[in-house]
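Okay, got some structures for you below.
Consider the two complexes below, in which subunit A is the common component and subunit B and subunit C are the respective partners.
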Partner chain A sequence: MAALGIRIRLAVCATLLFVSVATLPPASAQQPSSVNPTADAVKEQQLLQQLNRIQGLGSIPDVKSYVIEQPQGREWRQFHEVWLHWIGAVAVLGMLAVLLIFYLTRGMLRIESGRSGINIVRFNAFERFVHWMTATCFIILALSGLNITFGKEILLPLIGPSAFSSWSLAAKYAHNFVSFPFTLGVILIFVMWIAGNIPNKVDVEWLKQGGGIVGNKHPAAYRFNAGQKMIYWIVVIGGAAVAITGYLLMFPFYGTTIAGMQLAQVVHGVVAVLFVAAMLAHIYIGTIGMEGAFEAMGAGTVDLNWAKEHHRLWLEEQNLGTGPSELQRRPSATPAE
Partner chain B sequence: MRAFLLACLAIVVVGTAGYFFLNSMQKPTGVAYATDGARISPKWSWRSVFYRPKAAPTTKTAMNIPLPAGETAEECDVRTAWQWIFVDFGNPDGEAEVCSISQ
Partner chain C sequence: MARMKFLCDADRCIECNACVTACKNENEVPWGINRRRVVTLNDGKPGERSVSMACMHCTDAPCAAVCPVNCFYTTADGVVLHSKDLCIGCGYCFYACPFGAPQYPRLGNFGSRGKMDKCTYCTGGPEADNSPAEYEKYGANRLAQGKLPLCAEMCSTKSLLAGDGEIIAQIYKDRVAKRGYGSGAWGWQTAYRETIAT
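Let's turn to the complex of A and B:
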């Protein structure tokens, strides 16, 4: 009987012990809310949630490498993997769509009074040389730069990993090396055309009249109208921004921290895609958008009637300053009326 | 057209100059980010105790061409595993560059 009592007591104790263990709160709930990063069993995810970064100690001189993950890094990753794609797509495709709609509705802007057959020098050889140097560099930089942002999604599935790898390597090298003549071109453009690109009252009137693009008026303008001045300042300011940030990226951590490098990449990426969009408009109006415009940078001369319609004040200056020596008659496909 | 061709020529010239400039300023990633971390300093006293210059190789192979008379080979000594304990992260001055890069 006594043995039975002992057994019952043992059974009751065992049951109580089991119940008490089973109903204990989980061990994790007993941990303090703050995490000791030096604890052996600390998990990365826990560190990230509590401290907002994963950082340790290192034995090499590069202390930057001690930080494995940080909030700015995640924001930057979100930027260059998601936001930049959207900004770039909206800017570039949006501009292409606007230009296409404009071309379909308005077509090429013709010289209203027809060609006179008399040409006037608009840009000298050096100006054209600088323009084409900068423009050619820009196209190379734009294509190789867009490849960095969009190549993986667009080009890689089309041409395969091997060809994409070779192309991307060559494009990245070209991007680096061509940046130097591009920067030189931007500096020369700034110095060469600054005098004609200071905004003035004429520009306000030009803008009020829609630059002649909206409606059929031909607002007066000096050598550069307000639209061209906008392009000029986009090239100078945008070019300087992409050049400076590009060189910061080309020479990592020379005067920049991790956050500085990330900021440089953000500015470089955003300004570059907006720059591409603006240049698409510039290319459009300089080629198929306006009759006689390409000749200014192609041959360096424009038709007298084109100058009268689009840059009347500049033409008056030219006639006063240099006289007819700048004018040259040439056989024209469209005879003057 | 002539202005455009000259512009292309200028791009090639300035771009090539940029290529040489970058080559002189920059190092490959593997070198730039890997060698600063772990160097063996010959000034480190404990290590110098165990430093024994290797004799010049005597066998002639494709990778082991004898040097002209008067020139000495730039060599690194082979470290045993336990010698790696005495790694110094200091300045590599005094050690042949090839040793710093390879280790």
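Let's turn to the complex of A and C:
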């Protein structure tokens, strides 16, 4: 009985096995390639999620080419083509509009007590040389820089692609090479005028009174008032920022990657357009905005009454140092250089 | 008109560099410039994969958008080309390109990069089709002769596909369906804002 039982069980098992084999799909026969030989290989989305960049190894000397995908170029493009245009347009046109409105409402700020006819030295020849060297460079840099961002929208339709390219190529080289004397100028300005540009209590009061720009007061100031100090620090800090980022862009791949250069360009562009806006205000107040201001950097001397009204404490310092009689002799001692 | 695209089937690329050689020879590409290159990811490690990459001729190309002199243009076939006569070598296209396609003949210090060079999809430049001036500046214009880019034509494993985007996407889909796997079209999401559903 036991033997019969074993035989029956064997028969049942064999039948079940046969049935199961017969009904199973012959997987290996129909889909021989269902094994993915590259299943464990790197995947594009996974790599992009990890580093936002795909880099490998190549067989050509140009190691930069080993990066095959870096989609953040799309974001930099968004910055360069949209945000920078808005920031630049609002900063530059906004500043021009503010200055125009100010000029139309206030006109040129006059020397209230009129000219005294006595001139005193405000900036010596070296200071004026440094100022105008930096200023000339700045204007070239600003125009060629604005051309790179706005030229294709403003100038290109006017003069056509061929002329615009020739001009832009020249402007690019001017931008690159004029940067050197500009940087030198910023360094000299920093060293030359740092002593007079440390913020102090007088500046707080000057700012509280709106610098006399709003209203007709003449708050006291030493050689440089709080507004001039702001211009100074904008030139020094802004100048340093555009110089450093500019040189990073001028020497590609020296300590930077593409991402680094994108960042450098963002900083360079934003600081530069704000710098231009600030300098427009500086140019305004130094020329048509205020009587007697331009000659400080032009001839190097200012009228005594101008100094009394705008830089009373500085004038007192000058008088203490030289004595009143000295002051009277000064104009003849230092002819307009 | 067709919308020309490249598609690298990375599961097939064997890193033979025939595409690179074909490109250099067909277009007389100068020393130091590689319009196409093969890059191996995880080289020598498990999970190694090679991808052939060049200009992808992006939809709404970033290089063209950021160019300060608007020297780029897109042909009726969707190929992104540029004019070396207008290029000022500023390097902006290189910052913007997601694929590192723009190349410059010189190092670029002091902004002296020279005129940008990149893959033309074997479509030359703005000069008259197949003129000597076009060949000298941009290389071959095979598309005007009814031929596809030589890199894809030469590909020994037909990993690199060139042609109308819809057709090469269909070829790739059929391959994936038949062999049962595929790593996707490398760079398509970045270049064309679309992937191939497989």
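Just so it is clear, the second predicted complex is superposed on the first by the 256 of 337 C-alpha atoms of A that agree within 3 Å, B and C clash if a C-alpha of one lies under 4 Å from a C-alpha of the other, contacts with A are read in each partner's own complex, and residues count from 1 in each chain.
Note that a contact is a pair of C-beta atoms (placed from the backbone, for glycine too) under 8 Å apart; a residue touches a chain by one contact, two chains touch by 3 or more.
Because the structure is predicted, anything quoted here is derived from the model rather than measured.
Residue contacts after overlaying the shared chain place A:A125 against subunit B, while subunit C stays out of touching range. In the superposed model, A:M250 lies in contact with both subunit B and subunit C. After overlaying the two complexes on the shared chain, residue contacts for A:V178 are found with subunit B alone; subunit C is out of touch. By the touch criterion stated above, A:I60 is placed in contact with subunit B and with subunit C alike. Of the two partner chains placed by superposition, A:Q50 touches none, neither subunit B nor subunit C. Here subunit B and subunit C are compared by how many residues of subunit A each touches, and C touches more. In the superposed pair of complexes, A:M261 makes contact with subunit C only, with no contact to subunit B. Once the two complexes are laid over each other on the shared chain, residue contacts for A:M133 go to subunit B alone; subunit C is not touched. Within subunit A, the residues touched by subunit B in the first complex and by subunit C in the second are 59-60, 62, 176-177, 250-251. Those residues of subunit B that touch subunit A in the complex are listed here as 1-4, 6-8, 10-11, 14-19, 21-22, 25-26, 33, 36-38, 89. Taken together, the subunit A residues at the contact with subunit C in this complex read 31, 33-34, 36-45, 47, 54-60, 62, 64-74, 76-77, 80-81, 147-149, 151-152, 156, 161-162, 164-165, 168-169, 172-173, 175-177, 249-252, 258, 261-262, 265. Against subunit A, the residues of subunit C that register as touching in their complex are 10-11, 17, 20, 32, 34, 37-43, 46-51, 53, 62, 65-71, 83, 85-92, 94-100, 107-111, 178-181, 183-184, 186-187, 189-190. Subunit A contributes residues 59-62, 125, 128-133, 136-137, 176-181, 184, 250-251, 298, 300 to its touches with subunit B in the complex.
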